[in-house]
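Chain nomenclature is as follows: A, B, C and D, assigned in order of appearance, with residue numbering initiated at 1 for each chain independently.
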Amino acid sequence: MNEAVFPIADVQGVLDTRHIAINRAGIRAIRHPIKITDRDGSIQSAVATFDMHVTLPHQFKGVHMSRFVEILNNDDRVISVKSFESMVNDVVERLQAESGGIEMTFPYFIGKTAPVSGINSLLDYEVTFTGEMQKGIYQFVLKVVVPVTSLCPCSKQVSAYGAHNQRSHLSISVWTNSYIWIEELVGVAEDQASSQLYGLLKRSDEKYVTEKAYDNPKFVEDVVRDVAAVLNRDERVNAYVVESENFESIHNHSAYALVERNKLTDL
Amino acid sequence: MNEAVFPIADVQGVLDTRHIAINRAGIRAIRHPIKITDRDGSIQSAVATFDMHVTLPHQFKGVHMSRFVEILNNDDRVISVKSFESMVNDVVERLQAESGGIEMTFPYFIGKTAPVSGINSLLDYEVTFTGEMQKGIYQFVLKVVVPVTSLCPCSKQVSAYGAHNQRSHLSISVWTNSYIWIEELVGVAEDQASSQLYGLLKRSDEKYVTEKAYDNPKFVEDVVRDVAAVLNRDERVNAYVVESENFESIHNHSAYALVERNKLTDL
Amino acid sequence: MNEAVFPIADVQGVLDTRHIAINRAGIRAIRHPIKITDRDGSIQSAVATFDMHVTLPHQFKGVHMSRFVEILNNDDRVISVKSFESMVNDVVERLQAESGGIEMTFPYFIGKTAPVSGINSLLDYEVTFTGEMQKGIYQFVLKVVVPVTSLCPCSKQVSAYGAHNQRSHLSISVWTNSYIWIEELVGVAEDQASSQLYGLLKRSDEKYVTEKAYDNPKFVEDVVRDVAAVLNRDERVNAYVVESENFESIHNHSAYALVERNKLTDL
Amino acid sequence: MNEAVFPIADVQGVLDTRHIAINRAGIRAIRHPIKITDRDGSIQSAVATFDMHVTLPHQFKGVHMSRFVEILNNDDRVISVKSFESMVNDVVERLQAESGGIEMTFPYFIGKTAPVSGINSLLDYEVTFTGEMQKGIYQFVLKVVVPVTSLCPCSKQVSAYGAHNQRSHLSISVWTNSYIWIEELVGVAEDQASSQLYGLLKRSDEKYVTEKAYDNPKFVEDVVRDVAAVLNRDERVNAYVVESENFESIHNHSAYALVERNKLTDL
C-alpha cells in the first residue's frame, strides 16, 4: 500500500528552468461535506465547494495536487469563522508553500420568524469564507449573498398607485480585525433592504412585507450606501465591498451598484 | 487530403452484437452562428446552441459524429420556422438514419416601442426550435421563453397599498399544423402577463407599466390559464405546454404552474 | 398569531370560471437541508433543491403555496428511497389535491477506496428522487448522474500511441418495482465506464486508472448500451433512461447517447 | 412624446446627504446584438452580454440607468479592439460621470483547418472586452477563454501505455500599450497547450491530435508558465493574467493554475 515500494518517478518534484513563479496552483470546484458552527453554537451540515491553492516558486515543476484532497478527506473539524485559519494553515504546511489559501462557498440557513404570524421557517444564504496565508500573515474575508426585496422610489413617486419591486442579491464582503458572525452580516443586509425575505408567510405577514417595502423604497444606490454607512461605524471592519444586483421586474436586465472602502488606506 | 488514402479503420462501422438499439446518438452543446428570418422578412444574426441526434439500429456500433458538424459548417441557409425542416432532413440523410432531430436554442430580439414615450429598444427572448423526423414524419415544436412582470393578487388585496411583483419567465411550447411566428407567440405571452418588459423606459413609461401591472394582478395559475385559453382558440395549434416561473420578490424560491394539452387526443 | 383573527380574504379560494385545469401548480428552486439514509444505514446531511406541485381542478383559482413550504419546515424525518413516499403523500393531503409530486435533487457522497494504494476519499454524485402520486398510485424514479472517464476506441485504434479521453456524465433513471439503492445504481454506471473517478489517487493508482481506461475504450454508444444490458437483466427495474454526455477533450462540444426502455409495454 | 411635457419628478437627481460616493452604479446582464471586426477585416455578428457602469459622486442620489440602454440601442458602430474606446467614452459623457466603464462578453468564432485532412470548421471562444475610463485615462483589457486539450505528464510517465487527458479552459487577460487581435491571443494559448481543439476532425486528423497531445504532455503549471513566457517577450503587453482550469478526466474536480505579472511595476 505504501507508495515507497513502487519505483514510480515524482514528476512534479523535478527542477524547473523557466524562471516563472506561479501565483496560484491548486484544485478547484471540488465538493466536500462540512460542518459549520453557527452563532448559537449549534452545528449546521452543508456541502461546500472548495478552491485551494498555494504559490509555487520558480524552481519547482509542480505541486502535489493530491495533498489538497487529503486535507479535505482527513479533516473532521467543525469549521467556524474562528477555526477556518487552521485549515488554511494546513494547506500551507502540507504543501510546504510560502503562501496559500482556501475559498469555501456553501449554502447557510438561518431560522426566521414571520413578522406578524410568528411562524418559523428557514431561509438560505450563499456564504463564502476566503482565507489567505501570505508569508505567515493571515487574511480572512467573509462574504454573504443575501436575497432581499427592493422597491423602486422612482416608480412609487411617478405612479398613482403601486411600485415595481423585485428580488435583489445584496452581497457584503468584509475584511475584519475581530470576528463577525454570518448572522450579523446577514442582519445588516436585511435591515437596509426595502424588505427582507422569508421562506414562509401567512396572509397577515404578506400584508406586512408588502406595505413595509412600499414604505421603504430604495434605489440600488441607496441600498449599498445604507449598508456602507453601517459598516463605516463598525470598528471590527477594516475594509468592505458592498454590491447589490436588482433583477428588475420591468426590464430584462439588472440594476447594479458597488461601494468599496479600505479604512486602513483612506485615513 | 482524401481520407481514402489513409488505411485507417472505420471503428464506428463494425457490427454490434448487443442487440440494443440507441434512441439518440449525436452531439450536444455545440455553438454555431446562424441567420434567422423574422416576421418582417429581415434577417437576424445569432449564435445558437445545437443538439443533433439520430437513432442507431442495434446492429451498428456507432454513428459518424463528424457528419453533424459538417452539416453545421457547410450550411449557409437562412433559417426560419419554415425552412428548419430541410436542416432536419439533412441530418437524417447524411447520417443514413431512420429517424433524427435537431434542437436549436438562440437569443432572439424584438424591437419594442415604449407605451407612452414611444421610444424604441430591443428586448431579448430565448427561442428553441425542435424538429424531429421519425420514419419520414416531421414534427416541429416552437418554444419561447418570455420574461414578463407578474403582480400578486393576494398581496394587492390584503395590503393597504402596494403589491409585490417580480420578473417571471413565461414559456410556451407549441406543436402546430401551420406556421406560427416567434413574434406571435411572444405576443400571446406578453398580452396575458400583468405587464410586459421593455429594454428602455422613460419616467412616463415607468408610470404606465407600474400602474398597468397593479391594475392587472395575476397569480402564476392565472397567467398559464389565460395563455392556454388563447391557444385553445388558435386552430393552428395541435398541442401546447405553457409554464410560468415567478421569481417571487418576497421569497427566495419561485412560484410555478404548468398547463399542457394535446387537442388531438382529448377530443 | 392565528390568522382567523385577521379579516383577510382568501384570494386563492375563490371560484374559477375559465374551465382550465392546471397540471402542475407549486413551488420551485427552494433549498432545504435534508438527512438521507445511505445503504449502510448511516445518515448523510445535504442541502436539496425541491420542486413541489399538485394538480389544480378547473374550478379553483389557486393553490396555497405556503403549505408546500410548511411541509419542508415541519419535517424532521430522515429521507430514504423507501420513506420518500410519505413526503409525497403529505403534499397531496396538505394541499387537498387529487395528484401531486416532489422532485428533490441533492449532492450525495460515496466513500471510495483507491484501486492500488487503498487510500480512502469521498466522491460526489448528483441524485434526484422524483415521486408522483396520481389518484392514489405512487410512482418513484431514482436518477443518478455519475461522473466517469470515457476513452475513445477510434482514437486508440488509429493512433500509434495514446488515445483521447475525458470526463463524462453517465446518467441513469430507473422506474422500479422494488427498492434499489443509490450505491447500486452508481455501481452499475462506474462498472461500465472506461474507468471510474476518485477524489484521491496516489501515483500507483494513477497508473492503474490510466491503463484501465486504455484497456477499456468505449464510445458514448457503448457505454449506454452496456448500462442498458445490465438494467435489462435486473428484474426490479420496470423502465429506464440511460444517457451519457462525453465532454470531448479534442472538441469544444459533447458526444451524447440515450437509450430508454419500458419493459412493461415492450413485451 | 417629449418627457419635458410630463410633470414627473426626477427622483435620481435630488441631493444625497450620506456622504458616500459609489464606485460603480449601472446595469448588468443586458444582452444586445453586436458586430465585431475580426483580424481579416470581415465582420462577425454576435449577441453580447454587457455590464455598464459609472462612478457616482457622494452628492447625487442616483444615476439615470436608462441612458446606458440608450447607448446600446442608438449604436450602430462596428466594434473592434480599436473602436471600443469610443463606446466607453459615450458612457462617461452621456452619464456626465468622472469615470466609467463597459465589460462586454461574447462568443467569437475562428475558422480552423484540420491538421491533416485540411477540412475547415469554426471553433467558438469566449471573449471579453473591458474598457475603463478613469478621469480621462483609458485602460483596455482583452480576455480570451480558449478551450484546449491538456495531457498529464505524470500519468504518461507512470503508465505503461496511455495518459489521461481532458478539455481545459486556458484564459489570458492582457493590458496592452498597442493593439493585439483576438486571433493572436487565441493563437498563443493554442500553441502552448498539449493540443488545440477543432470543430471537425477526420480520422487522419484524430490520429494527429491524439499523438500530438501524447508527445506534448503538460501539467496545468506548465501551460500557464509557457503562455507567460510568450507574453513576457511581447512588448505590446504591459501586464497579464494567465489561468488554466483542467477538467480532470480521472477526478471530479479541476486542476488550476494562475500566473500574473505587471511589467510596469516589477522592474
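Keep this in mind: a residue touches a chain if its C-beta (ideal position, glycine included) is under 8 Å from a C-beta of that chain, and two chains touch if they have at least 3 such contacts.
Just so it is clear, the structure is predicted and the values come from calculations on it, not from any experiment.
> By mean C-alpha position, what chain is farthest away from subunit C?
So the chain farthest away from subunit C turns out to be D.
> How many angstrom lie between the CA centroids of subunit B and subunit C, rounded to a whole number?
From the centre of subunit B to the centre of subunit C is 25 Å.
> Taking each chain's centre as the mean of its CA atoms, how far is subunit A from subunit C in angstrom?
28
> Distance-wise, how many Å sit between the C-alpha centres of subunit A and subunit B, to the nearest whole number?
Those two chain centres are 35 Å apart.
> Would you please write down the residue numbers of subunit A that are in contact with two or more other chains?
8, 30-31, 69, 124, 154, 158, 199, 201, 203-204, 207, 252-253
> Just say which it is for the chain contacts: an open line, a closed ring, a star, complete, or other.
Contact pattern: complete, every chain touching every other.
> Which subunit C residues qualify as touching subunit B in the complex?
Contacts found on subunit C: 8-9, 11-12, 16, 18, 20-31, 51, 53, 56, 61-63, 65, 69, 153-154, 157-158, 219-222, 224-226, 228-229, 232, 245, 252-260.
> Can you check the complex and tell me which residues of subunit B touch subunit D?
Result: residues 1, 3, 6, 8, 10, 30-33, 44-47, 66, 69-70, 72-73, 107, 109, 117-122, 124, 199-204, 207 of subunit B touch subunit D.
> With touch defined as at the start, can you tell me which subunit D residues reach subunit C in the complex?
Residues of subunit D touching subunit C: 123-124, 147, 149, 151-152, 154-155, 158-167, 195, 197-199, 201, 203-204, 206-207, 209-211, 213-214, 247-253.
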